[in-house]
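Next come two complexes, and both contain chain A; in the first it sits with chain B, in the second with chain C.
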Partner chain A sequence: MDNSGTYFVAGALPEAATPTEPLPPWTSTRVVGARLPRVDAYERVSGTAVYPIDVVLPEMLYAGILRCPHPHARVRRVDLSPALALPGVRAAIGPDSPGADIPWYRAQGRAWSRLLDRHCRHQGEEVAAVAAETPYQVADALKAIAVEYEVLPFVLDEEQATAPGAPPVHEGSNRVGEPAVYERGDVAAGLAAAAVVVERTFRTACELHAPMEVHGSVVRWDGNRLTVWDTTQGVFAVQAEVARALGLPLAHVRVIGHYMGGGFGAKLEAGKYTVLAALLARATGRPVKLFLPREDTFLATGNRPANRLTVKLGAARDGTLTALEITSLGAAGAYPASAAATFMATELYACPNVRARDETVFIHAGRARPMRAPGYPQCAWALEQAMDELAGKLGMDPLALRLKNVPRTAQRRGNLPYSTAGLEECLRRGAEAFGWERARRARPGRATIRRGVGMAACFWGFSGGPPSTAIVKLFSDGSATLTMGASDIGTGTKTVMAMVAAEELAIPVERIAVEHADTGTTPYATPSGGSKTVPTDSPAVRAAAAAVRRQVLELAAAQLQRPVEELTLREGRVVTPADPSVSLPMSALEGLQRQGVLVGVGTRAPNPEGTVTIPFAAHFAEVEVNTATGEVRVLRVVAAQDSGRVLNRLTFDNQTLGGVVMGLGFALTEERVLDPATGRMVNANLHDYKLPTMLDVPVEMACVAIDRPDEAFNSTGTKGLGEPATIPTAAAVANAIFHATGVRVTDAPITPARFLAAAGGKRG
Partner chain B sequence: MLPHVRHVRPATLGEAVRLAAAPGAVVHAGGTDLLGCLRDGVCRADTLVSLAGLAELRGIQEERGKLRLGALATVAEVAAHPVVRRLLPGLAQAAAVVGSPQLRHQGTVGGNLCQKPRCWYYRGPFHCLRKGGDTCYAVAGDNRYHAIFGGESCYYVHPSDLAPMLVALGALARLAGPAGGRVVPLEKFYVLPEEDFTHETVLQPGELLTEVVVPLPPAGTRTAYRKVGPRAAWDFALAGVALALAGEGGKVRTAQVVLAGVAPVPWRATAAEKLLAEQSLTPAVAARAGEAAAGGARPLAGNAYKVELVRQLVREALLALV
Partner chain C sequence: MKDEDGHKGHCCGGVSRRGFLSSVGAGAVLAAAGLPAVPVAAEQPADPAELVRVTLRINGRAHRLLVEPRWSLLFVLRERLVLTGTKVGCERGECGACTVLVDGLPRYACLTLAVEAQGHEVTTIEGLLRGEELGVVQQAFLEEDAFQCGFCTPGQIMAAEGLLRANPDPTVAEIRAAMAGNLCRCGAYAHIVKAVRRAAAARREVGHG
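On to the complex of A and B.
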C-alpha cells in the first residue's frame, strides 16, 4: 500500500512472531466500549507525568544546535574555538569533527547528506552543536561560533523548482524520482461519455506539526551502552537509526519513550538531535539534554507539504462517475520525502476510468514528513471540492452524488471487497445527525452575513497488521501488568490497551499497570502512526491476556476439580455460571501463589487475505461567512467515523474532535510562510504560525461512531481512527463556504484575503 | 532565551524616571510584549525598571468629566470597568478583543499603547531598517500583514487595539520624564516612520507614560470598535476601525474614524470624518464613508485586501451604530 512506506523508515521489519491461536470475537463486553477516563489522566493533568523534556539526570549537560540561517549555502569555514573558550562550555562539534560524516537522509539506496554537512540545503540545517553546563551557556556558545557561508540561489516552491534553469537542490533535476502514474480504464472515453465535466486546480498550504512538546532527547552513556529518553512515536525506530548511526548493537541502545507531548507524524524517526547529543555525551563523559527551541522545530522537524492538485471529473446525467483524473505536484523539501497526494481519489468513489499522477520535487526548505494522513487531507481538499462542484453542475445534492458512487470494492487493490465498508453508513448517519437535508434546503439569502453547510468524505487506506507482541503478567493478588512497545502519543493508547486486557482478565482497569515504549523492557512494536496502533497492537494485547486467562482457568480447574470448560472469569474471580457456589478469587489460586506470576505472551495474527480493511469517515460543517470582510466562523461540525469497534468512547471522541480542529486549521488559518526574497521562514513561532484557538473552534462538535466491529479483520474488531478524523474536515468547510456564498476558494487556508480575492465581483 | 538583565523595582515615580533614563534601561510593566522582545533579541536591555511598586499608576478613576486610566491598569480592567462599559462601549469592545484572556489580565494600558511593532521581519531574524539595517524586508517580501497607509521606508502596522479607540475619543497621554511632566494628545504620541524610523512614540529616554486621560463624551455619543483578525483570538487586527460619533438619533454632528492594523500609527480617516459630519447615517452615507476611509491607500503587493477590509469595516461599523 502506497502510504505505508512513510511510516516505517528504519529499514526492514522483523519477521512476525508465530501468531497465537485466533480468538473468537467478544460476544459481549463489560469494559471495552465503556466511557472510561484515561488511566494516566491524573498524571497528565497534575504535572507529575515525566515527559522526556522533564528528564534531569545527575551531572547532565545541556546542548544546542547551530543552524544555517540561509535556505541554501555552503559552509566555507567554522571556527568553534570562541565557543570552546567560554565558561561552562564542555564540547563543540562541527562539520569536521568525528561523527559529522555519519550518513543522513537515506533514500533510494544512498545517503543524501551527513549529520553535519557543509552543503546546507534549507534554513535550519544543522551546522554545529555544543554542550555546556547551563542552557544560557549553550546559547552564548552558539552565538560565539564563527561561520562563514557562501550563500547560494534557492527555490522555494514547486513552481520555482520546476522552472527552466532552476537552481538544483541536488545534482540533476529537482524531481524526487519519476512521477508515479496509476491508470485504470480509459479516461478519455469516460470523459467523452460524460454528460457533465468539471475541472479545477487547487492548492494546499505547507503546514507544520507543531506538537505541544518540542523535539529532543536526553542521552546517557554507561560504558558503551547508550540510553535515550526521546519524545517519539516509535522507540524501536529511534533505536534502529541511532544504533546504525553510531555503529552500536541494537541491544546497546535503549530508547525510552513513555510520556510524549504529541507528534502527528513528525516524531516517527530519530532526529539528528539525538545523535548529536550522543556524540557530545561521549565527548564529555556526561549525560546530555538536547531539546530544540520552538523556532527550530518549525524549520527542521518536518511539515505537511504543499500540493498543487488538478481534478477533472466526468459524470453521467444521473451522477454516475464516468471518469476521474487527478494530478498532483508537491514539494518534499530539501531531501527525499513523499508529497504524493492522489491515492484516495482512486478508490473513494466507484469509477471505471481513472488516471492519477503524483510528482514530488525538491525545494530549499525543511523536509516533508508524514503529517496526520500524509497526502489525504490535500487529496480531500481537491477531490471533495470538485465533487461538490460536480453536484452543483448536475443539480444534485452533494450527499446524493456521493451515495450514488459508493464503491463496493477496493478498485485499486484487485477489486477486493472491504471487510467492513462504512462509507455509506458514515454518509447517511452523519447526514442524519447533522440534519443535512433541512440545513441544505435553507437558502443562504443575500444578506452580508450568510450561512451554509457542506460535507466531505474520506477513507484512510491502511489498518495496520503484524508484527506486534504484548506481554501480560498476572500477580498473585490478581493485579496485572501489561507490557507493550507501542507509544501513547496522546491518543489514549495506554488506556484502551489496559481496557482490552481488563476485559479478557475480568479485572478492573485500575488493577492493571501499563509498561510501554521502552526498547529495553518491552516487546517490539512499530511506531504509533498511520492510525494503526489500536488495530495492530490491541489484538496482541488481547492474546497475551487470553494466554494468562487460560492458565488461570487451568489452575482453577485443577484446584476445584472441575472441567475447565465450566469455568470462567468474572470480577476477579473464577466462577461457574451454572453453579453459584463456585467462586474463587484469583488471589486464592494455589498455583498462582506458588508461581508468583503468570505470564502470557500474545502476538498479532496476520491480516486475512482476500479483503481490504480501511476506516471511513464523512464530515459535515456549517459556517457563517461575512461576505464583506471574508471572515468565516465555523458554527458546528459533525464527524461520522467508521473505525470498527469503539474501545473507549471518551478517547474516541477526543481523537475525533482533535482531528476536526486540526482540519479547521488546514481550512482557515495554518500556513508556513517563506520570505520570497531571502527564503527564510517568517512565521516560525506559535504566534505567527496560526493554530486555531479555542474561539476558532465551534462549541457544537459531535461524533457519530459507527461502532461496527470488523470481526473478520482482527480479534478486537478494530480499525484506525487518528487520521480519518482529520482528512475531510477542511473540504467540508470549503464546501460550506461555497454553499453560503457561491464563492469557490481553491487555495488553503481560506483567509479573509483569499476569500475576498476569490469573491471578486460575485459579492452582492 | 532571555538575556541576563538586572531587575529593579523603584518605589517612587521620580526614582523610576531616574533609573529609566540610564542607558540600557527599559521599563517593565506587564511584560507580555517586553519579555518576548528580549527573548527574540528585538530590543536589548541591561536593566528592567519595574513599575510594579508604583501604586499611583494603577486603577481607573472617573473624575470631573474625565476617565483616568493608569498606565498599570490592566486591559482586562478596562474591558470590565462599569463606566467604560456604560459611557465608552467602544473602548470596552477594543479592550475585550486584545490578545487572549491571559494577556488581557497581565497586559497593561501603558504597555499596550507602547508595544513594539509586530512586523514579522522586525521580530524575526532579519536585520531590518528599524533594527539598524538598511532595508525594509516587507517591501519585496511577504507583506500581507503590512501597512497600506503611512508606510514610508518602513511598513509595520501599529499593533494596539486600544490606541485607535483612545485616539478617536480624543484621549491625552500624560508623560513623566527627567525634564518634568508633559501632556500630549495620544494622536501626537505616535511617530510615523517618515518622521523617525527608529522610534514608534515621542517618548524620550527616561520618559514614561503614566496615565491616559479620556474626556467623557457628551450624551448621545456613540462609540464602537471592530476588528478583523487572522483568527478569533490571540491576534492583531488585519484591519480595524474605531468610531466615535457625536450627534442625536440617526444624525451625525461630528465623527472620529480611526483605523487599526493598516498604518504604523492609529490612522485617522480624515476624509471619512469630513464626509460624515452633519449627515444622517444612511447605508449610502456609510458606504461613501467606507470609500473615503479607504481612499489614498497605497497597498503593497500582498495586502490590497486590506483596502477592501477598510471600506467594508467602516461601512459595517457605522451601520451597526444606527
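On to the complex of A and C.
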C-alpha cells in the first residue's frame, strides 16, 4: 500500500484476545476530555526527567563513530593503531574487527550491508568506532584513525538514478523494486469527459527529522545480559534488532526508553550506534555511552525523501472530478526504503477514474525513514495545489470544490464506509473558524506586500490495531499503577492513558503512576508512530482498568451483600446510585486489603470488519508576501482536526499546532542541500538547515477539534492525530501565496529565491 | 540579547558567538585568556589534556574540580556533576537546549568553557527549584503544557527566566525575540509564549518583578 507499513507489525494484523466483556462507549466522562497538564510535567520542567542521553553510569566510557566523508567509496585500509595510542582511548573497532560483519539493512529477504562495511554508499556511512574516557578523547581518536578510501562515482539526483550509465548503488538497477501502479476506472475516458483539465509537476525537498535529542544509547553488560537506554519510539523494536544482531535471547536484552527527546519517525528502529556501543562495552568491560554529534544525525538517521510529483486532474463544469492521475518519483537513499507518495490522492476526493504510480530509486545518500506521515505532505503539496488550480480554472471557490468532491466511501479499500468521516466537517468548521469566505473575498491588491489566504485538506490512512496489552495494578489505598509498553514521544501518551485508567477506576489522575517503555517490566507494544498509539493502546488500557473495576465491584458486592449490578464506582468509592447510604471507599474493601493489590490485564480487541477508520484534517492559512524580496510571513493558521474523541484538549491543541509548525518548515525553510560536485551535504547543522524558530511561526494559531467519538472503531472512540496535524499545512501556505500574488510556486520549500524565480515577469 | 544574526543565540557575557568560534579555532586557551583566575599562562599553548583546577559556583554551591581547558561548561555540568537537567542538542550554539544563566543572563553552556565560567554564578534548571517545589517559570510551563517531548524545555525555561529577570513585563514581540534562540522541534511555540506570559504575571504577583 505505502511505506506507512513501517509503523506496524509486518504481515496480517495479529488478533489479540477479545477482552472478557466488550466495553460500551462512555456515555459521559469526568476525566477524559479535560484540559489536564501532563502526568510527567514535573519531571520535564524540573530537569529531573532522565532521558537516555542523561544516563551517567559509574566507570562509563564514551564512544564515537568514524564516518565516510564521501558519497560513494570503498575503504581500502583502516589503521586504528594511532587512535589506540592516544591517552584515554580504551577500544577501537573497524571493518575487520569481530562483529563488523553483522548483517544490516535487512529488506526483501537479504541484508544489504554490514555493521561496518568496506563499501560505503553514502556520506556518513559507518567505518570505525572508538571508546575513550571522555568525549574529547573520542574526538581526538576519531581524527587519528587513518583511512584510505577509493572514491567512486555517485548519483544523487533521483531523476538521473535510472538514466543509462548512472553509477549503481547496488548490483543491478537503481530501482527499489518495480514501480507500484494502482488503477480504477478509465482515466483516459475521464479526461476526455472533463470540461477542465489541469496538469502540473511539483517538487518537494528532502527533509530531516532533527529531533532535539540526538540518536544514541547507553549500554551496560552484566555477563551476557545487556541493558540499553535508547532514545527510541519503540523499545520492543530495538530489543528485537539488537538481540538478533548480537545473537542474544530477547530476555537478555532489556531496552529502557522512559523519556525520549523526539523522533518523528527517525527512531522507530535500532541504530548501528547501539550495537557498536555494545561491542565496545563488551571489549572493555565497561558501560558505554554513544550519542551522535548533531551533524551526523543529518547524514545517517533517516529523512523524508524528496519527491517529484505530477498531477493531472479532470473535472466537469460543476467541479465534479472525472479523472485523477498522479505519478511520483522519490529516492530511498542508499538502502531499501519507500518513497511512495500517492496513496492519499487515490482516496481523498471522490473520483471514479484514477491512476497512481509510485517509483522509488536508490541514490548515494542517507537512507530514508518514515517521517511524520511518510509520503502524505508531499502528496498534499501536489494534489492540493492542483485542486487549487482546478478551482481557479473552474471559477470556483477552492473550499467549494473540495466540498463538492467529499468521498462517501474508502474508494481504494473495497468502497467500505468510513466508521466516522470528518472531512466535510473539518472543511466547514475550519472555514468558519478561519473566516474563510470574508478573507477569500478580500482583494490582494497591487502593493509590494500582499496578503492572501489558502487552504488544504488531508486524511491519514491508518488508525492502528492489535496487538497491545496493558496492566493496571490497584493498591490497597485505591491508588493505581498503569504499566504499558508504549513510548511517550512527546505526544502525551502517558497522560492520556492515565486519564483513561482514571476514568474507568473513578479516581483522580494524581492517584495513578505510569510505568512504560521498558522491555524488562512492561507488556509488549508496537512502536509509537503512525498516529496509532492512542487508538491502539488506549482501548487496552481501558480494558485493563475495567478488569480491575470488575474485581473491585465483585469484592464490594460480597462485602456489602448486594448484587454487583447495583454497584458502581464514583470518586474512589463503591456506591449504589439508587441508595445514597451505600458508600464504601475502595480502601475499605476487605478483599483488597487481604490481597494487597488487584491486577487487571487488558488487550486491544481486533478492529471491526467492514469499515475503514482514518483521521481527517483541513488547514487554513493567511500569508503576507513581499513581492519585491520574496519573503513570506505566515500570519495565522487554523487547523481543523477530526481524530475521534479528544482525550485531553490541552495536549491535543499542542500536538496539532506542533504539526502546523513542522508543516511550515516543509513549506518555507527546510531542505537538505547536497553539493553536486562532492556529493556531500552542505547544511548538516541546525544553523544552515532551517527549522522554524519562534519568530518563523505565527502568533495566531488555532486548533478546531471536531471531537466526535468513533464508537464503532474502539472502546475509547479515538483515532490518531500526530500525522494529520502536519500533512496539509504546507499546501495551504502555497495556495495562500498564490492567492496573494498569482504566483504558483511548485517547488518546496518556497524560499525567497524560489518565489522570485517563479514570479518571473509577474513581479511589481 | 541578540547576536549579530539577531536571530538565534544569546549575547554571552561579552563573547559573541562568532568571536567565540574563531577563538576556539585558535586554541581554547585564547578564550580562557581573559579570565585571570585560571592558572594557565595566557601566552603559551596549553596542553589540551592537562587538567587545571577550577572552582565553579553552580546554583549557589561551590564545586572544586579538575578540568581540561577545552571542556565545555555543558560537559562538566552534565557528565561530571551529573546535573543533566541542562540538555545537549548541537554543541555549537544553534539550538539553545543547553541554555543556563551566567550571572543572570542566558548563555549557551555548550559555547562556554568550564574555565571561563569560573568566578561567575551559574544557574541551571535545577537551580530554579525550591526544594521539590517548582519555580514560577517552571510551574507556568507545566500549566500551559508548554512542551511536548520536553527535551528543549530546560533551555526554554532558562531563556524565559533570563528574559523575565531583565524585563518583568515583556510584550509578545519581546518574548518571541528573546526565545528565538531556543529551537523546539515539536513546535510547542504557541504554548511557550502563553507560559512566559503566565510566568511574567505570576512573578509580578509574588513580587519578583
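As a convention for this text, the second predicted complex is superposed on the first by the 747 of 764 C-alpha atoms of A that agree within 3 Å, B and C clash if a C-alpha of one lies under 4 Å from a C-alpha of the other, contacts with A are read in each partner's own complex, and residues count from 1 in each chain.
Heads up, the rule we're going with is that a contact is a pair of C-beta atoms (placed from the backbone, for glycine too) under 8 Å apart; a residue touches a chain by one contact, two chains touch by 3 or more.
Computed from a predicted model, the values in this text were never measured in an experiment.
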item	value
Touching partner for A:V597 - first (chain B), second (chain C), both, neither	neither
Which superposed partner A:A85 touches (first chain B, second chain C, both, neither)	neither
Touching partner for A:A41 - first (chain B), second (chain C), both, neither	second
First (chain B), second (chain C), both or neither touched by A:N654	second
Which superposed partner A:F264 touches (first chain B, second chain C, both, neither)	second
Touched partner set for A:A163, first chain B, second chain C, both or neither	neither
Chain C versus chain B, contacts on chain A by residue	C
Partner chain in contact with A:A447 - chain B first, chain C second, else both or neither	neither
Contacts of A:P69 with chain B and chain C, given as first, second, both or neither	first
Touching partner for A:A188 - first (chain B), second (chain C), both, neither	neither
Common ground on chain A, meaning residues reached by chain C in one complex and by chain B in the other	135-136, 293, 687, 692-695
For the chain A and chain C complex, residues of the former touching the latter	37-38, 40-51, 53-54, 56, 87-88, 134-137, 209-214, 259-262, 264, 291, 293-294, 489-492, 650-651, 653-655, 657-662, 685-687, 691-695, 697, 699, 701
In the complex, chain C residues that touch chain A	7-8, 48-49, 68, 70-71, 75, 78-79, 82-92, 94-95, 97, 124-126, 129, 134, 138-139, 141-143, 145, 147-154, 157, 172, 176-177, 179-193
Residues on chain A engaged by chain B in the complex (per definition of touch)	69, 135-136, 139, 293, 448, 628-631, 633, 668-669, 673-678, 680, 682-684, 687-688, 690, 692-696, 751-753, 756-757
Residues of chain B touching chain A in the complex	1, 4, 100, 120-121, 123-126, 137, 140-142, 144, 228, 230-235, 238, 302-303, 305, 308-309, 312-313, 315-316
